[in-house]
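Below are two complexes that have chain A in common, paired first with chain B and then with chain C.
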Partner chain A sequence: MKTSLSYRQSKARMGLLFTLPGLCFVTVYMIYPLITSFYYSFSDYNFVYSLRPKLNGIKNYIAAFKDPIFLLSMKNTFVFATFYFLIVMIFGLIVALLLFYYKGNSYLFKTMIFMPIVVPLSLASILFNWIFSENFGLLNYIIGSVFHLPQLTFGWLTHRSTAMVAIISVTIWSSVGFIAILFLAGLQSISTEILEAALIDGASTRRTIFSIILPNLHETYIIAGIWAILRGMKIYAPPMVMTGGAPGNATRVMYMHIYDNAFEYFEMGYASALGFILSIIVLFFSYLNMRLSTEKEG
Partner chain B sequence: MGRKKLASHIILAIILTIISLSMVLPIVYSIVTSFKFETEIIGSTPSFFPRKATLVNYKYVLERRTTYLRYYYNSISTTFFSVIINTLLSTMMGYAFARLPFRGRDLMLGFILFIIAFPLAVLLIPIYIMEYELGLINTRLGLILPYVTTILPFSVFIMRGIFRSIPIELEQSAEIDGANVFQTWWKIMLPIGINGLSITIIYGFYNIWGEYILSKTLATASHAMPLSVGLILLRGEGWSYGILGAVIFLAILPPVIIFIIFQKQLVEGLTRGALKG
Partner chain C sequence: MKRRILVLLLIACVGVTLFAAGAKEASVPSADGPQTLRITGLSWHIEKIFVEEAAKAFMQDHPNVNIEISTYAEPSVVSNYAIDWARGRTPVDIAIVSGAQFAAQFVPKDLIYDFDSELNFFTGEFDKSAFAGVGLDNGQITGKQYVLPLINETYAVVVNTQMFKEAGLVDAKGMPLIPNTWEEFYQFAKKLHKTSSGSVVQQGASIQWSSVNFYATILSVLRGALGDIYKADGVTLNFDNPEFREILRVWRQGVVDGVFTKEMYVDNMAGRNSLMAGKLAMLLDAGGRFIEGEQTLGEENVYVIPFPGADTGGSFGFGAGIIIPKASPVADLAVQFIKEQMMSEMVQTGTVNVYGKMPAMLKYYDLAEAPEWGVLKDIANKSGAIPPYADFARFQKEAPPILQNFLDGRLDLERTISELDRLAISLDKSLF
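On to the complex of A and B.
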């Protein structure tokens, strides 16, 4: 055998060499910005007026929790993320179960359900902006002309609660196919022996789903769940494109508030602090989801 | 029993048809509207399909060289180069993480996992300041470099999973035959991992074609904007819904074509990669 020491050394050397180019990108565009931003978050730094960042302790963080618009944007983000997470997970699971139990050729269904994920979210938002628009939108057209209920047509985007509904629906539309495919993969990895045993024992479909299939999907809950939480907390393009935070600040989300502070008011220090508050929340939820899902296992 | 089975089959088919149709309805709606005259769209008796089809909206879009066509060109060129670079880097890095143990490798992997959990919002500010000082704002390079970084970590995980699933015996026999590490990677592993490569390419393509927040921050001048940002800028200029439909159709055409070509690898591969990652 020629798997000698020198070969192993050359493997280690090549390993480093193969990693190096990618690592350069990660260092310059991820590690360096992360550290710098952390420093900014403890500094007074206006990109237009300040020559350089000046350390000011935790002032930015204190200011954040006294900023009523930031607190409102935090609340809006939570409302959005909660509804988005629940609906997309449940709906995605239902679609996956339907596809799983459908015995015909599901190729076309899968393609159509998955299709929206290829539409960029910002463009999907313009599309839905138009669908929800008061005068010539598809939704009001269906309600008014197809179902002949013109009294129910509505300015969806200009009212507080329905504007949020519109933003949630575009995000769900664009991602439920992905979640469904993840669940479908999870369903297909459940061993057929267990399912056949249940069938032989005469378990009903409903019992099979609730006592065998759902508990066996924990791995998928973690993957899909983290994905959905991160997407929910980091929502930006739909509210930006569809409402710009309006009406009032009813659809202003954290990401938007961070962006505006950084690139409208150039308060880089304060915006960095807001960014880290968002980061901590995102990291916390990822961790929580992982813990909960692994506990179910044992 | 047979009749009951048939009934449930039909019910499932109907429910799936309704869901599938409503998922593609918005896309279909924008396409049919793009072939309508403006008078018909805002007319008093709207209809779903055009009564009289026209290409006038497409003509309008394709004549706008400094806006629509420019955005289109920017999107295509930045996406193209980012995907190429990312594919190269992630196949190398993925192979190293799968099969080339070196000191600190697992620590590095864990650290990258940790860092991608941070929202882009927190990285955006230093990236903007850095590119501002280097004169990279509103340049193609200034978009390509951060684009690559956003898709690289997940691409590495996909490729790592693919390489790990290739039997180690294949690699060992290449070693015995006297191939060095580079040759083993290039001649044995890459050709076998070609399926994974296509997933990486598709994943990179979708994420960059639709990327919004980096593009919005780093391309502030109209000439440098990709589609996802430029189109939204034009929204305010009182465009008609027919033009909007045409623009959306043109913008989603490349991803939809790629989706149709790679549908099988995408649906199967993405889940496999994601589950193993």
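On to the complex of A and C.
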């Protein structure tokens, strides 16, 4: 008995030793910055001009909700995230179902669908910036010169009605493959016996999808949903590269405002508070997504 | 006991990780032995100011010196050096920055050298009188020279002379006419603008209205219109005047008619790309862009003219310069490198003749080859520097959306002026 305990203890110690490097990394690069920035968020601290952070209670948090640019960027982020989340989840699921049912050379299609995710989003944004360019862009060239519909050419990025749509479309293009692969993995994990039973019972494809496949994907909804929420709320590169927040502040998102406050104005205290507000929003929606998916299961 | 050992191990491990994260390779200088000089800049600084060529030449002249060149991604990244510099260490000995607004952040904590009294740079042939005034002004913070100018630029209008000829906008010698008022500028653009089946085939004018550089355009046209950018107090930007109202009115008219493109809102290079592609008649941007236009359209088809008021009131001058951190162990070597190479004829005339960046030192102006330099030199001599606001980045970020909203018709003229005025009043003027 004694031998068994000491064996277990030494195993636990070994386990702890093996996790030590990872633990150190997490402590230094994640926990420590998190605690420090949490402290900064309650401080008046300009990284350049202040000697040290000066505690100011919840002033930064109050200021955030009085900052018209932050409120506008929050609204823009919600608009982006809502459309992005809905479209990428629905479109990702449709693509996954097509790949699941397609019996031909699915590897080719899987590769094609997944390809955009390996292209850095910032690079894709530069490319799409040119495609959407008003006077000499590819899209307007095709519309005007190939289809001979010059009246339909448009300043896709310079008009506030379409700038956000363009940014959403680029982000969806870059990430729908990943969501589709997640859903495909979920689909492939559904027991073939259930699907075969449905087939024997004479269930149509539509009935199989809505009554068997979709209800069995709740775990994938959680993972894909959280990923899409994170991606949607933390959007930065496409609006930064494609529009810089223009026209006006129509495409300015929360991450851009946080970055500017931290690294352009050096207001680390205020930027940290904005960062924590964003984190709380992301956590709330992730929790909501998890609860809704779990309730469906129940 | 064992738990304590594990906790100690964890602390030690965290300590080692922290140390490793913070450790930097230290350069050990010795006047006689091998020395290392580390230079950083934006990639265009390195390329267009011939830093690599200068480094090679310096290493040939001084075999004991090794020069390492690195680049940083974008202007605001320079801020990150403050962390190291505040701790008395540095990964670079010379940093090339795009103006004093990127150096002001290091001054309150005394992290960079002042070229006046601390480095005693301006002696002999490097006396301040040997430098272009606007360049020196752009490097001053609280009256001291913290940024040594390397190159200067100024805003002007780059024109496609072929298009001007076709539109009959040339004088008897075939030189492009100069618009004297903004209304005239608009009329020129209207004449030069061409569409076919609803598509633009030749854009009348493109004005630097990007989120990144709109501030420079504002400062340029303000100075051109008023001869100064400040109110009577000498520190607050002056937007509430009839001249600026007229500029805004014309700009909006041009946008409504489509003769001024809005492409620059989202792409600060859209104008120069259109110019180089031969699709644009007038580009209000950094005047040195004419070199790029000449490379694709031919020297005879591109010229530079002042925008309305610039020939009398001047424009906005800006540029790139050098800062030296106090944490550098080889500050003297850095100064020697600057004097021997960065201010040499090879660098200073190369940058003007190949890339259109005006030299910092006046004696090299006469060695510039293109005739356009005469026009730009005249404008530059009357130009003003960037206002030394401690929070200038706020102006850079907040002014463009206000003006873009005006140009899009979402703000009326009076509201636009009052919002700009409010912004101007709120800026931190403690560094004047």
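Operating definition for what follows: the second predicted complex is superposed on the first by the 291 of 298 C-alpha atoms of A that agree within 3 Å, B and C clash if a C-alpha of one lies under 4 Å from a C-alpha of the other, contacts with A are read in each partner's own complex, and residues count from 1 in each chain.
Methods note: a residue touches a chain if its C-beta (ideal position, glycine included) is under 8 Å from a C-beta of that chain, and two chains touch if they have at least 3 such contacts.
None of these values were measured; they are calculated from a predicted model.
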{"item": "Simultaneous placement of chain C and chain B on chain A, clash or fit", "value": "clash"}
{"item": "Which superposed partner A:68 touches (first chain B, second chain C, both, neither)", "value": "neither"}
{"item": "Contacts of A:248 with chain B and chain C, given as first, second, both or neither", "value": "second"}
{"item": "Dominant toucher of chain A (residue count), chain B or chain C", "value": "B"}
{"item": "Contacts of A:123 with chain B and chain C, given as first, second, both or neither", "value": "first"}
{"item": "First (chain B), second (chain C), both or neither touched by A:263", "value": "both"}
{"item": "First, second, both or neither for A:15, with chain B first and chain C second", "value": "first"}
{"item": "Touched partner set for A:286, first chain B, second chain C, both or neither", "value": "first"}
{"item": "Contacts of A:40 with chain B and chain C, given as first, second, both or neither", "value": "first"}
{"item": "First (chain B), second (chain C), both or neither touched by A:25", "value": "both"}
{"item": "Contacts of A:151 with chain B and chain C, given as first, second, both or neither", "value": "second"}
{"item": "Superposition clash, chain B against chain C - the stretch among 1-9, 199-207 or 217-225 that is involved", "value": "217-225"}
{"item": "Shared chain A surface residues [contacts with chain B and with chain C]", "value": "13, 16, 21, 23, 25, 28-29, 47, 129, 135-136, 145, 263"}
{"item": "Residue ranges of chain C touching chain A (in the complex, touch as defined)", "value": "2, 6, 9-10, 13-14, 16-18, 21, 76, 79, 82, 105-106, 108-109, 197-200, 203, 210-212, 261-263, 265-267, 270, 273-274, 277, 279, 390-391, 393-394, 396-398, 400-401, 404-405, 408, 410"}
{"item": "Complex interface listing, chain A residues touching chain B", "value": "1-3, 7, 10-16, 18-19, 21-23, 25-26, 28-34, 36-37, 40, 47, 95, 98-99, 101-104, 106, 108-124, 126-131, 135-136, 138, 141, 145, 173, 176-178, 181-182, 184-186, 189, 219-220, 223, 230, 233-234, 236-237, 241, 255, 258-259, 262-263, 268, 271-272, 274-276, 278-279, 282-283, 286"}
{"item": "Complex contact set, residues of chain B against chain A", "value": "9, 12-13, 15-17, 19-21, 23-27, 29-30, 41-42, 46, 88-90, 92-93, 95-97, 99-103, 105, 108, 112, 115-130, 145-146, 148-149, 152-153, 156, 172, 175-176, 178, 180-182, 185, 206, 209-213, 217, 227-229, 231-232, 235, 241, 244, 248, 251-252, 255-256, 258-260, 263, 266-267, 270-272, 274-275"}
{"item": "Residues on chain A engaged by chain C in the complex (per definition of touch)", "value": "13, 16-17, 20-21, 23-25, 27-29, 47-49, 69, 129, 133-136, 140, 144-145, 148, 150-151, 153, 155, 157-158, 160, 163, 242-249, 252, 260, 263-266"}
